[in-house]
Amino acid sequence: MPRIFFIKVGQNYIIIMSAAPGSAMDSLSAALKCNIIPNQEYLLQGSVLDQYVEVLLHRLRGLCDNVDSGPESFHDHELSFALRAQGSGAAPMVLPLRVRRALDSPESPWQLRYVGQQELGDKNRPTVVRSSIDMACSSTIVEFLTELGCRMDFEYIARGYMFRKGRMKITVSKIFKMGNMNTKPGEGVEPISQSYLVELSVLAPTGQDAIAEDMRIFAEQLRPLVQLEKIDYKRLGNMS
Amino acid sequence: MGVTILQQFPTENRTGPDTIELLSKRIKALGAMQHGNFLVDCETYTSVPQLGHQRTVHVLHNSEQPATVFSILDTGTKTIPLATDGLFDLLMMKMSSFYTSKKQTKAESKGPRFEIGDFCVKLGTITVSSNFKGILVEVEYKPCVVPAMCWDLMKEFLQGFLGFSVPSTPPTYLQNRMQELYTPIDTIHQYLEQFMIYRKSPGIGVRT
Amino acid sequence: MQQREEKQLEFALDNIIQRVNDLKTSIASMIMKVENEYENLNWPNFLDNYALISGQLTALSKVLSHDKCPVLRNLTVLPLLLSPERDEQLAQSTEGRVTTFAHDLVPDYLRTKLEPMAETKMLQIEHKAGNLTYENAQKQVAAYQKVVVHVWDIVNKAREEWEVESSSRGNTQQNSSVADTHLLVAAVGMGKGLKMGTSPNGNPTSGGMMVAPQNRPGGSGGSVPIPPNTQSVPMNKAPSTIKTNIKSANQIHPYGR
C-alpha cells in the first residue's frame, strides 16, 4: 500500500510516495537524483550607509511579502569553522562550516551550514552561485565540530532585519566584531563599519537559473540606494 | 515520545524470521495491532590519519523521527551527540576525505511495529552489512518520560511476552540516567550500544 | 462662372465643416478626460491635448484665410420659415442641441453682429482707448512689462533649482560606499578583520566562545542531580525539538521510498 510523506528539507517540503521502508542513504541518493534538494545558493551582496538604512528598510517594506507583519528582526551569532588536513598531494584539504544561532531566541535550533566555493560565471550570469548545505541542528554542534577536528577561524555578531519576496531572502544586517574573549556574546561588541551589509539570496536545487534573473530585477529596484552585485572574494583577498 | 527500553532476545535454535513470527504471535495474543514497520540504521565513519588521533562518528536514522539524523561523535574520551535534519547525510558525503566509512559496518534493525495500549513494540531483526546477527526488541511506554518512574512497569510488560530472559536491571546506558528526562537521542544511544555489541559478535550465520 | 463659384463654395464649406468637426471631437475628448480621469491625468498628457486643439484652430483659420476660400462675409443667410414645431432633421444634424427653428433661437444662431449691449460696451472701451494720451499708455505698458519680467525671473530660478536637485539625486550614489561593501563582505566571507590574530589560541577548544552551552534549561522539570557518570562527561541531550516537524508516519526515513 503506497503512502505519502512530507519531508522537510531546509525550508522546503518534499513529498514522497513510498511503498516500503528503505535506508535513508538510498532515499537521499534518490532525492539527489531527482534534484529536489536545495543545494545551490544564488547570492548578491551590497551595503548601505547607516544614515540611509531607514530609507532602505522603508523601501523593502513596500517591495516585500511580509508587509503586514513588518520586517523580521534577528540577532545572530555566527561562527566560522574549517576542517583541515594535509592531503596526499601538495594542496591541503579544507572543509568550511558555519554555525549560526539566534541570540534573541535561545530555544530555536541552531543552524549548520556548508558553503562551497563561489562561482562568478561569465558576465551574463546575474548572480554568484555557490553550493550550500543548510540544516537545523542541536546546540551541541560547537562541541561536536571542535571534537571532530574543526578549528574556529572567526566569529561575529549580525543584527538586523530579514525580508522575503517569494523565494528570495533579503537581509539587512549590521556586523559586529566580538569583543574581549571573556565577554559574553552580545556584550562589548563593536560594529566593523559605518554601513549595513545587504544580501539577497535564494536557496534552490541545481540548475534553477531562472531565479537569478528574478534576483537581478529585484536588485535593480533597490538602486541607487544599494548596489547589489556579484562580489569576487578572490579579488577581495588580494586587496590590502 | 516516552521512555524506550531495548532488549536482546535470544534466538536459540530458531532462525530470525521464525523468532519474529513467534514474538509477533505472542504480542498479538495480548491484543496488539501491527502499525507498519520500522527501521533504525547506523553507519560509522572514522577519521583519516592526517586528522590526528582517531575519532569515530556514528550516524543513525530512526524511522520514528524521519526528518532527523542523529550523530554520535566518539573521541575516545567522550561522546558528543548531535541532532540535525536530513541533509546531514549530504554533509557526511562532503566530509569523505576526512571521515571514511567501512562498508562492512553498516548496521540495521528492522521489522514490524506494534501498538498495544500505551506501549509501542518493535521487533527488530539485526543485520550488520546484511549478515543476520540477532533479534532486538524495542518497547516504548509513551505516557512517561522519566525512566525511574516506569522501569518496573516496563520490566513487567517485557517479561510478560519475552519470558524471563529479561534482566531485572535497566540497560547500562540508562542506569546513570534513570532520573533524567528521556529524549529521542537516548533511544539512539541504546541502539548504538547494541549495534556495537553485535558488530563485535561473530555472525550467527543465518542470512535473513 | 456661377457654377464654378458654387463649386468653390461647396468645397470650402466641406473643408470647414470637417475642421470644425475635428475640433469638436478633440474638445469633447479633453472634457471627457478632465471629468473622468482627473485622478491620474498627468500634466504632459494634458498639454498634448491642448496642443492638438490649438493646432486644429490654426488649421481652421488657415482654411478661412485661404485665397481660394470665398469671402463668407459676403454671403447672406436668410431664414425663410420659422416654426415652433420640432424639426427632426435639424435635431439630428445638431446632435440634439437645436430641436426647433423658432423665433427665440434663430437670432442667436444666425447673428453676425454683436449683441446691442456688448456692442455699446465695446464702443465705450474703444472710445476710452482712443482718448488715452501717449505717455499714459507708455507708462502702463512699462508697468506691465516690469511685472511680467519679475514673474519670469521667479519661474526661471525655480526651474534651475529643481534641475540641480534632481541631477544631484540621479548622479551621486552617496547612499552606499563601495569600500564598506568590500570590507563587510570580506569580513563575513573570509573573516577579514575578525580573526583573533595573535591571541594565544593555539588550542581550538580554549576560546571563551567555544564552550558549548550546558544542558538546556528547557529540559528541566523533574530532573534531579545526576549521579557521577562512569561512562563520559555529562553530555548535552540533543533537544527533541528538531525531532518532529513532521509526525512520524509509522516508520520510514527521510526520503523513504
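Letters A, B and C mark the chains in the order given here, with residues in each chain numbered from 1 onward.
Everything that follows uses one rule, which is that a residue touches a chain if its C-beta (ideal position, glycine included) is under 8 Å from a C-beta of that chain, and two chains touch if they have at least 3 such contacts.
Chain by chain, the UniProt names read as follows: A = Mediator of RNA polymerase II transcription subunit 18; B = Mediator of RNA polymerase II transcription subunit 20; C = Mediator of RNA polymerase II transcription subunit 8.
Computed from a predicted structure; not experimentally measured.
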{"item": "Leader among chain pairs (count of C-beta contacts)", "value": "A-C"}
{"item": "Geometric centre: closest chain by C-alpha means", "value": "A"}
{"item": "Gap in Å, rounded to a whole number, between the CA centres of chain C and chain B", "value": "72"}
{"item": "Averaged-CA centre spacing for the pair chain C and chain A, given as whole angstrom", "value": "42"}
{"item": "Length of the line joining the C-alpha centres of chain A and chain B, rounded to whole Å", "value": "35"}
{"item": "Residue numbers of chain C (touch at least two other chains)", "value": "235-236, 238-239, 242, 245-246, 249-256"}
{"item": "In chain A, residues with contacts to at least two other chains", "value": "5, 7-9, 20-24, 28, 136-138, 140-141, 143"}
{"item": "Residues of chain B engaged with two or more neighbouring chains", "value": "37-39, 41, 61, 63, 66-67, 69, 78, 80-86"}
{"item": "List of chain A residues in touch with chain C within their complex", "value": "3, 5-9, 14, 16, 18-24, 26-28, 30-31, 45-49, 52, 55-56, 78-80, 107, 109, 136-143, 146, 150-156, 158, 175, 177-178, 181-183, 185, 192-195, 197, 224-227, 229, 231, 233, 236-237, 239"}
{"item": "Residue ranges of chain C in contact with chain A within the complex", "value": "170, 173-178, 180-196, 199, 204-205, 207-213, 216, 218, 235-236, 238-239, 241-242, 245-246, 249-257"}
{"item": "Chain B contact footprint on chain A (complex, rising order)", "value": "5, 7-10, 20-25, 28, 32, 37, 39, 83, 85-87, 93, 95, 112, 114, 133-138, 140-141, 143-144, 147-149"}
{"item": "Parts of chain B lying in touch with chain A, wherever the complex brings them together", "value": "37-39, 41, 43, 47-48, 50-52, 55, 57, 61, 63, 66-67, 69, 71, 73, 75, 78, 80-91, 94-95, 97-98, 108, 110"}
